[in-house]
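Labels A, B and C are assigned to the chains in the order they are written; within every chain, residues are numbered from 1.
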């Protein structure tokens, strides 16, 4: 890297042929820069219009389901006296019709219990979807709690988290009584204080500031008022 | 390709030599139109004379296939290239295998929530060699993941992601992500218990991202629940969108491999006599700034000889002064045009 | 790398390239051998392991134990290792995203000119540690027992008790052998029989001390079975 070394070596360096490059690239004789700019802008604009004319409808087409809410469905799952306040009964019903088995879901249903300050005239339907990542939870009668086989989430009799990684209590379904039968309706989520909020996906916190960090989606139903 | 073009030109110019005016043509950089035509005719005659028998030559003269051959296949791989360098091509090969088996599986598969499982049962149990082809596709996906990780490990430990191949590393990481997405989307298609629950969990993992997560999960599922449209959406992603992206990115990855060359193992060093190439790359007294960019186009570019005086170049054409690059043409330290100026001064 | 080092590298590389062999047929030969090996492994796996089909997708199940494909095991295990609910987004989205961004931007923060693995120990050791961590988590994920099953061998007379323990959800908080919540809410029960007398075990299950729920609803007969089984674990 010394000066002298540098000066001794030019003989070893192969000759180089350089052609003067037109500036800017692709310049032709007689070209005016205004004309060039107009053509550049026009080709970009026209190309943009043509691509957007295809891309925007297609994206809208793919994104549309985010803003669609299916028809509200209520399904009868059993007679009133099928359900007791001290234990859950497992029911399977169709949540999304027309797509076969995969449209079905499971809920644990019981009568409201005085032990938990609930109205005995009301019925509770708890979703089997774990609030951690959506694995199927199982109600264990002996311990009176729900357990999840994926990552070890545990919930108590009311569906509140007592162990493992779940971020909120188990989801619920709205219920009503028609013709001496219990009917279940849209899904909703609850906060840790069991306050009803719009349905969230598993893994999303509810209540307080979390309501803003995990905003409700337009594809879900408003929660029951309580 | 860059190399081959001048070659072809000189070949075509050969017959013109016989005509006598070739000397003028060769000396002058821009021959007149009539001279060009004369040369073309001469070249045409030359070709037709040996033409008919030579289909390869005919194709070559229209596609420059020898140039492509030179650039793609006759290129040298550096000394020391070893078995670790086969992992990338093996990954690409298994991608091709997945594409082939995938196309044939699609012939029997029905992407509908009510029929998907039955169509897989039929494919596996009834179709001739069905289980074998499905097994190749299934285990091929695992192999592809293993190979892409090994290829990445080689690149990492050999420091092959460093200058000038940073961009190729970035493309490679995107390919890794796309490959795992292929694994995930393909997993739903057989529509058995594993498929369904893996998809449910993956969707909810997406949903647990703050602010955009819930909407992204709705977008992937095409609704609030995993259902019929989820399956067809995953099918479209798995069959068309992501393979297309992967193929395009493999193309870009390979383009850069051909352009920049494959690396040598880092411990293989070129032996060269003292004072030869490499030592005196930058003239003394001109320290290169740390962020100086050395364009690979000038790889091993020789230093211009001091006789050249490109100092005048920027000023040569006043019309260019407004051009975007005109301003810094003389200042860019790594620009080969700039260095000889100092070099010349130093030697003077 | 500064400009000088970049030029130095390009020159060095150019020399190595000149000394190398043409890609075709020399490098292609090695590639082809590798391809044959890969396709042979693929065919062997397909023939030996086949492509079995699991039970049909059923979203109404309450007994199925979901497990991901093996190459997601380390992510799956990460979700299990990170327990506090407040950290769930970190485990699901945070850590994987940060890791991917770090991986993507690697050439832009590791800009040193050195390429030989043993002369850049930080990069090499980090890489090896990441591989070890991923391999370890994958191993754990692969061996993760279901919380509704106990794989530990048991004498025949305690089988009934073992089955009740497995199905009653004890493993959501406790662990027995490979199965259950390691580091969960409750203590490890693998050697409980040598620590606590049988009568105390039965009483604990019956009344549920501390945060543990009572399992009185099992009934006297099943409670005895459970207590006998747990006492046999030593």
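A few remarks follow.
Everything that follows uses one rule, which is that a contact is a pair of C-beta atoms (placed from the backbone, for glycine too) under 8 Å apart; a residue touches a chain by one contact, two chains touch by 3 or more.
Just so you know, these numbers come straight off a predicted model, no measurement behind them.
Note: the chain lying farthest from chain C is B, by mean C-alpha position.
With B-C and A-B as the two chain pairs, more C-beta contacts join B-C.
Here the CA centre of chain A is 25 Å from the CA centre of chain C.
Measuring from the averaged C-alpha position of chain A to that of chain B gives a distance of 36 Å. Touching two or more other chains at once are residues 191, 196-197, 200-201, 205, 208, 210, 213, 226, 277, 282 of chain B. With touch defined as above, residues shared between interfaces to two or more other chains in chain C number as follows: 56-59, 61, 64, 66, 88-89, 92.
In chain A, the positions touching at least two other chains are 101-102, 133, 135-136, 150, 167, 203. Those residues of chain A whose C-beta lies close enough to touch chain B in the complex are 1-3, 5-10, 12-16, 18, 20, 23-24, 27, 33, 62-63, 65-66, 68, 70, 95-96, 98-103, 133-136, 150, 167, 199-204, 213-217, 219-220.
In the complex of the two chains, the chain C residues touching chain B come out as 1-4, 6-24, 26-28, 30-31, 33-35, 38-39, 41-43, 45-47, 49-51, 53-59, 61, 64, 66-72, 88-89, 92-93, 100, 103-104, 106-108, 110-117, 120, 123-124, 127, 131.
Of all residues in chain B, only 72-81, 83, 85-87, 89-90, 93-94, 97, 117, 120-121, 124, 131-132, 134-140, 142-143, 145, 147, 153, 156-166, 169-170, 173-174, 177, 180, 183-184, 187, 190-198, 200-201, 205-206, 208-210, 213, 226, 261-264, 266-270, 272, 277-278, 281-282, 288-294, 296, 299-300, 333-334 touch chain C in the complex they form. Taken in their complex, chain B has these residues touching chain A: 113-114, 191, 196-197, 200-201, 203-205, 207-208, 210-211, 213-215, 217-219, 221-229, 275-277, 279-280, 282-285, 301-306, 308, 310, 313, 316-317, 320, 322-326, 343, 346-347.
Listed in rising order, the residues of chain A touching chain C in the complex are 90, 92, 101-102, 104-106, 128, 132-133, 135-145, 147-154, 156, 161-168, 203, 205.
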